[in-house]
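Each structure below is given as structure tokens.
Each of the two complexes below includes subunit A, the first together with subunit B, the second together with subunit C.
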Partner chain A sequence: MQADYHQPDTLEEAQALLAECPDAVLTAGGTDLLVQRRASGAQGPLISLRGIAELRGIHESHDLMIGAGTTLTEILDSARMQGDYPALIQSIEVLGSHQIRNVATLGGNLCNASPGADTAAPLIVYGARLKACSAGGGDSGACRTIAITDFFEGPGRTSLRPGEILRGILLDPPSPRLRSGFQRLGRIQMDIAIASLAVAFEWDGGQARQVRVAAGSVAPVPLRLQATEEMLEATALDPETLNKAATVAAAEVSPIDDIRASAAYRRELIAVFLRRAIRAALEAHGEAGGGTA
Partner chain B sequence: MMVGTWVDRRNLRLECQSHLGHLPAHLRRRTRYHLIGWFKREGVAVIREERSMSSDTLKLDEDIRGRKEEGKPDEGKESGVQRERRYVGADRPRPEAPDKVTGKTLYIHDLTRPGMLWGKIKHSEHAHARIKSIDTSRAEALDGVRAVLTGYNTPEVRIGFLRDNFALKRDKVRQYRDEVAAVAAISPEIAQQAVDLIEVEYEPLPAVFDPVEALEPSAPLIHERDALGRPREDNVLAMECGHESGDLAAARERARWIAEGNYRVPVIQQACMGTAGCIAEFDARGNLTFTGKTQIPFLAQKDFNQALKAMGLIGNNARVVVPALGGAFGTGLDTHCYEYITILLAHRTGRPVKMLMSREEEFAYLSPRQSARVHIEQGIDEDGRLTHRKIHVLQDNGAYASWGATFPTVMLLPVTSLYKVPVVHYTSQCVYTNNTYCQAMRGYGNPEVTWAIECNLDELAEQSGLDALELRKRNCNEPGEVTPMGGKVTSCGLMECLEVTGKQLAWEEKRPASQAARASDSVRKRGVGLASLIHVGGSGRIYRSDASGIILKVDDFGNVNVSYGGVEMGQGLHAALSAAIADGLGVTPDKVFINATDTATCPWDVGTHASRGAFMACNAALLSIAKIRERLLAFCAEGFAELLRKNIQTLSKKDASFEPPTIDIDAACRPDNFDILDNQVFLRDQAHEPWARVELGKVLRAMHFRQGGDMLTEPAFYDPPSDLPDWRRGIGNMSATYTYGTQGVEIEVDTETGVVTILRMVSALDCGTVLNPKALQGQVIGGIAQGVGYALYEEVKMQEGRITNPSFTDYKIPTAHEMNFPIHLHYADTYDPEGPFGSKGAGEPGLVPTAPAIMNAITNACGIRIRSLPITPEKVLAALKQR
Partner chain C sequence: MKSTGKRILKLSINGTVHECAAEPQALLLDVLRNELGLFGTKRGCDMGTCGCCNVLVDGQVQMSCLLLAHDMTGKEIETIEGLFDVGDPRGLHPLQRAWAEHGGSQCGFCTPGFVMTAKALLTEEPDPSEERIREALSGNVCRCTGYKKIVEAVQSAAAEIRS
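After this line comes the complex of A and B, so read on.
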């Protein structure tokens, strides 16, 4: 494997390089990209984002911004992230291995646009927005914000335009009533998920509001499950409702048979995950849904 | 009542209160385990147990006496080997470990030669097709290409033990991976580019992928002719292996319960950390040096010599050199097309040629483990004793025969000899299909059939209401038994293994409790299960000679250089061998240097398989050591006194207070008064006197540098006492001794997802004396990891013969995360009379009973039984729904 390799120090330089050689490919941790290039034999130039300080770190103002180049280990180690976004943390805890998480970035996980990208479902339920910038932009000019549900277009395809670099992931500060959780299964621990699911909701006087449910590895893109959300909205999350919603969720996804599992099994998992994710999200706060002990 | 003290064979003092005055003679050399059992029966109370010596200085003398009393004296092996065991039995680091962990070890991947070229292969794109034409012109025109070979421009090189395979295919391809052309070029990239430029035109033929369909008369013939050119009628391999003993009809009559089932195991990959590769180079006279991954250097030499002959190099020789190996697990048990192709390329170009497999290539183009379908029926009588066992095995061989096709011969052992079973009917069939052809892997047929036997036994237990552990105990093997195939059981610790496993699992409480809780509505259900194994423990005679040669050379500096033809592939052979030599000869292990395995310098060895490495190497070494000691001590009888006088002179000069000995030194130098320990030769009766000991190297120099001098180089050839079985009738004592074991497991089933989690495992193994506890632990736990993979995760998936998961992304083996459960290891307190220091082979057993133990635990937890591996969550969930 041979290629021209550039490692710019600033976002601006990277954008300039990208504008200069449009066939260049961005690489952050390289944990997706290098595996793919080894298989395809592609030899185009690489622009590494690893030296760009602006892309790294978790920045707090009103919103929270996670630089696209922040490693998964850095996110795991952040007390703020652990406290406020447990579903995201749970998804990262089971992503790859220590070694992978030490170099893999959050931006890379999203931009690779795998239907099974583990951080996607949690970021969907947290209503993340993605900030993308192109040449001449810096922090102002040519930057735009994309809702995460508009970001994934198909396996390996995103709504990033040519020349655009993902700058960061924006998250709203969570309300104290936010409950969230994540479930997943691989054939072994270090495996692309057979299926995954995240939920988030406001637990308001024994009622769930603003329910969001998203699932991975069960459609061409990480999928928000709106029909399921509607089933759960403004309910007490009692067992009967959970069971009904689980059935809806299983029907709402559109998985395929592949080497890892059959479509039918994936649907069953989604139903189980929905119930478990909701229960675990409440239990983490010492709470339970209506009608359960 | 009186108090007595008895010391067991391992120097454990047992202080006992008893009405009996003495220990009966037949229990003298027994172990604590046997003693305690006897005490219990006789009402002897043990007051205190203590080790009378640290466990790593066990008496070697005991081993020797043990053998003689067992009635198996082997003078050559034992004479003079009469000292403390210091290194055998102790936790010692492997001699090769420092180089491995610092990256200094050279694997095939690291090796290069001046002017070396790289080889790549063009593989078939069809499972079954006629080759209409091959156009290599564009490949030949590519810059940097040095040779392009096909079956049409090279001599025909037939390979495989049935000679049904060809290095490069002509006329037709029979599987996806078939080799149709090959390139040598100045870089692997150019070689690959050239391969991609080769165009092959095929005419697809009807293909068959299911072994049952392949048996049908209408099935396409994979091989139209046999190796002698005679037309073939069907796809069944010309091999017979079966067994028939006892009256099946009468046994069925006698049986109170009978259980029957069809069990399946999939094709799996050996998944060695070090992928395969080789370098072939010719000298100007046409002799070949082949450096590559093999477990059978001498059989490879024979195979390659045959190829040289086919290439017109009559009378030339292939020298086989084995580099450091990153695991082999059976992949090195045969010679492979890519190796012959590398040889052909090297010969054509006159340059060294290297071929190296990437992980993905290894998945796609190397032979995995054979799949099998096993039909089994077993019965028990009113008392829970086995009445009969009837087994038929159908193996999907794939397109060509490698040693995987002979799995039924090794299956013969568990089929006839795991537990006492008086009536055995066994038939086997191996059939060609257009699937990838398969080869050997650790356990060699044993895990495949043990999966059926041990699951089916639990089905019998379930049916009869008899406890599954009790059922096994009632049918447990015993020392002195001769099994239906003629297997002579010498040492056997299976009962201890069963008991310990039961105890460690808290079987008596948990097994019934879990069964009772099956009906509860808890989502997570727990269960315990176990399964046992028998395996060859004293090598396995499957070839005309089952011997191992060794040469020990003691040099002027007291170093012991070892030339042994077996292969260290990561299993710890060198650790065991250096400890055995150190203890046997009386040197420290750092003085033992084991040479690279090389057919030019090492004596013949049949190969490192059948868990035979340490058993064979150490036994051969002990034979050689006995000769070395004899010659050395004979020299001492004439020359030692002079060395002692020099000693005394030097000491007197150095130390004014030194008092020279007053005894008659010449008289003290009697042949029976010498010993060697810690690299020093000394007088036994003056062992504590500094003047009475001389450094081994010095003695060697005295022996060497004199008129008519001599040096100590001793070859030895050990051929174990076993028979080459009559495979058709399935009769013969195929191994010098047998290894036993039981594994137990507690699991949890998530009944909503079907996920099975292992909570803990117990492994009780009867492999005689433990040569190196650390190394053995690695072997056992590594085996269990492979067993867990076989049980829960692994399967080479094929669609119309094409492998669809040829990478670690898609083919999953357990990682540290899946193995993150406690494993209790126990070794039965046995001593084998034929084994070196009482030990038996332990390389393969680790993975043999793991899968059935896990399945039996799942059944205990939730009442389902899955009969095909791997036990995926999806299968579990489907079975739960059907319940």
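After this line comes the complex of A and C, so read on.
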């Protein structure tokens, strides 16, 4: 006989179940979790988040909130997301396959906390905040907001506390001057990235401001590259600056050798991706800049 | 943690409601094959990578090896067994005919998954480019051969369905 499968209809119910049964595991799309359980043989009770309408959809008020249970296909299909957050869209376009994206959720990609989670670097450069809620407190329980840079603690580990459910991903509305993009290389599309990188910056009269750079698959967690950002801040993103920043980026990451690639190759990719991502972000708006990749 | 026995499950598959008992965490793939005798849906890699177990859920292609059957209540599931064409003497759907005519199968194990993926694509996009077809099928693996004939089969079925 199998352990139970709970299918709550509301977040409140899910929180209560989790509080009551702390060894139960949450499942959203299940594309990470069910594969991992099959490999490990784990068989405990599951709480499904699929039936919870509050966790789904892209909601606009001042900020934009993407429900944690929104599927990657739903995000790809959103005209608002395509127009305003191209780096996130580019990361989802190459994530898994159609049948993965049709069930996999944005919240699941983050909570699984793989160093190579493709949506993490774009969400870092967009300054995403994560809303997490647990049982108790008011109507929807006790909620707090976590900066995405404080969310990842190591492979498979996040700063979510026991009993907390990720409710949504909050994004600021982009300014018309925001430029952003994403670069990735995998052995084949269906494979986890060898390395990935996202950039975002305000392009202000030929100067880059509020530069953000983040990279995936090159450290135990998706990593913000602050030294690289500083090199690029308030510059014209001229070839010389880009080349210097690319060298800094390659040194700032801490990749490992594994079956997919060597650490040295990953550093080299990060340098190339930085130049390419900046150039492509400008070119998407018909603007020039950047060095040669 | 307490264990619970099988629960009654009602699934709408290929337009018919089926009722059976299934373990709480039963996979859709196992229910289709073991409870309902629908063997067309194949277990390949069992980890979401090969596409052999693809079915349509409310028209969208999904992997039955990563779906829990009890989540499928209220959804319309379509499997390879649901494909047919009343106008064809053998009842074959244009995709199935095209697969046969273009040699899209060798051992045939991956075929149901490919055909279901292609069906979802053609419903969304009746006239996809070759690049689009290849991209749509990128989550389906064939270990016997290349993909050329498979792509040709989809192109030919698309043309037939449009005409």
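Everything that follows uses one rule, which is that the second predicted complex is superposed on the first by the 281 of 293 C-alpha atoms of A that agree within 3 Å, B and C clash if a C-alpha of one lies under 4 Å from a C-alpha of the other, contacts with A are read in each partner's own complex, and residues count from 1 in each chain.
Operating definition for what follows: a residue touches a chain if its C-beta (ideal position, glycine included) is under 8 Å from a C-beta of that chain, and two chains touch if they have at least 3 such contacts.
Note that the structure is predicted; figures quoted are calculated from it, not measured.
By the touch criterion defined above, A:83 lies against neither subunit B nor subunit C after alignment on the C-alpha atoms of chain A. When the two complexes are overlaid on their common chain A, residue A:103 makes contact with subunit C while staying clear of subunit B. Note on subunit A: of its two partners subunit C and subunit B, the one contacting more of its residues is C.
Applying the stated contact rule after C-alpha superposition, one finds that A:187 touches subunit B and leaves subunit C untouched. Residue contacts after overlaying the shared chain place A:173 against neither subunit B nor subunit C. Judged by the touch definition given at the top, the superposed model places A:206 against neither subunit B nor subunit C. Of the two partner chains placed around the shared chain by superposition, subunit B is the only one that A:259 touches, whereas subunit C remains out of contact. The contact surfaces that subunit B and subunit C form on subunit A in the two complexes overlap at residues 35, 97, 189-190. Partner subunit A is touched in their complex by these residues of subunit B: 752-753, 755, 793, 797, 804-805, 809-810, 812-815, 817-818, 872-874, 877.
Residues of subunit C touching subunit A in their complex: 1-5, 23-26, 46-49, 51, 54, 57, 60-63, 66-68, 70-71, 117, 120, 136, 138-140. The residues of subunit A lying in touch with subunit B in their complex are 35, 97, 185, 187-192, 259-262, 265, 268-269, 272.
Across the interface of their complex, subunit C is touched by residues 1-5, 7, 21, 23-24, 27, 29-31, 34-35, 38-39, 44-46, 48, 50-51, 73, 96-100, 102-103, 189-190 of subunit A.
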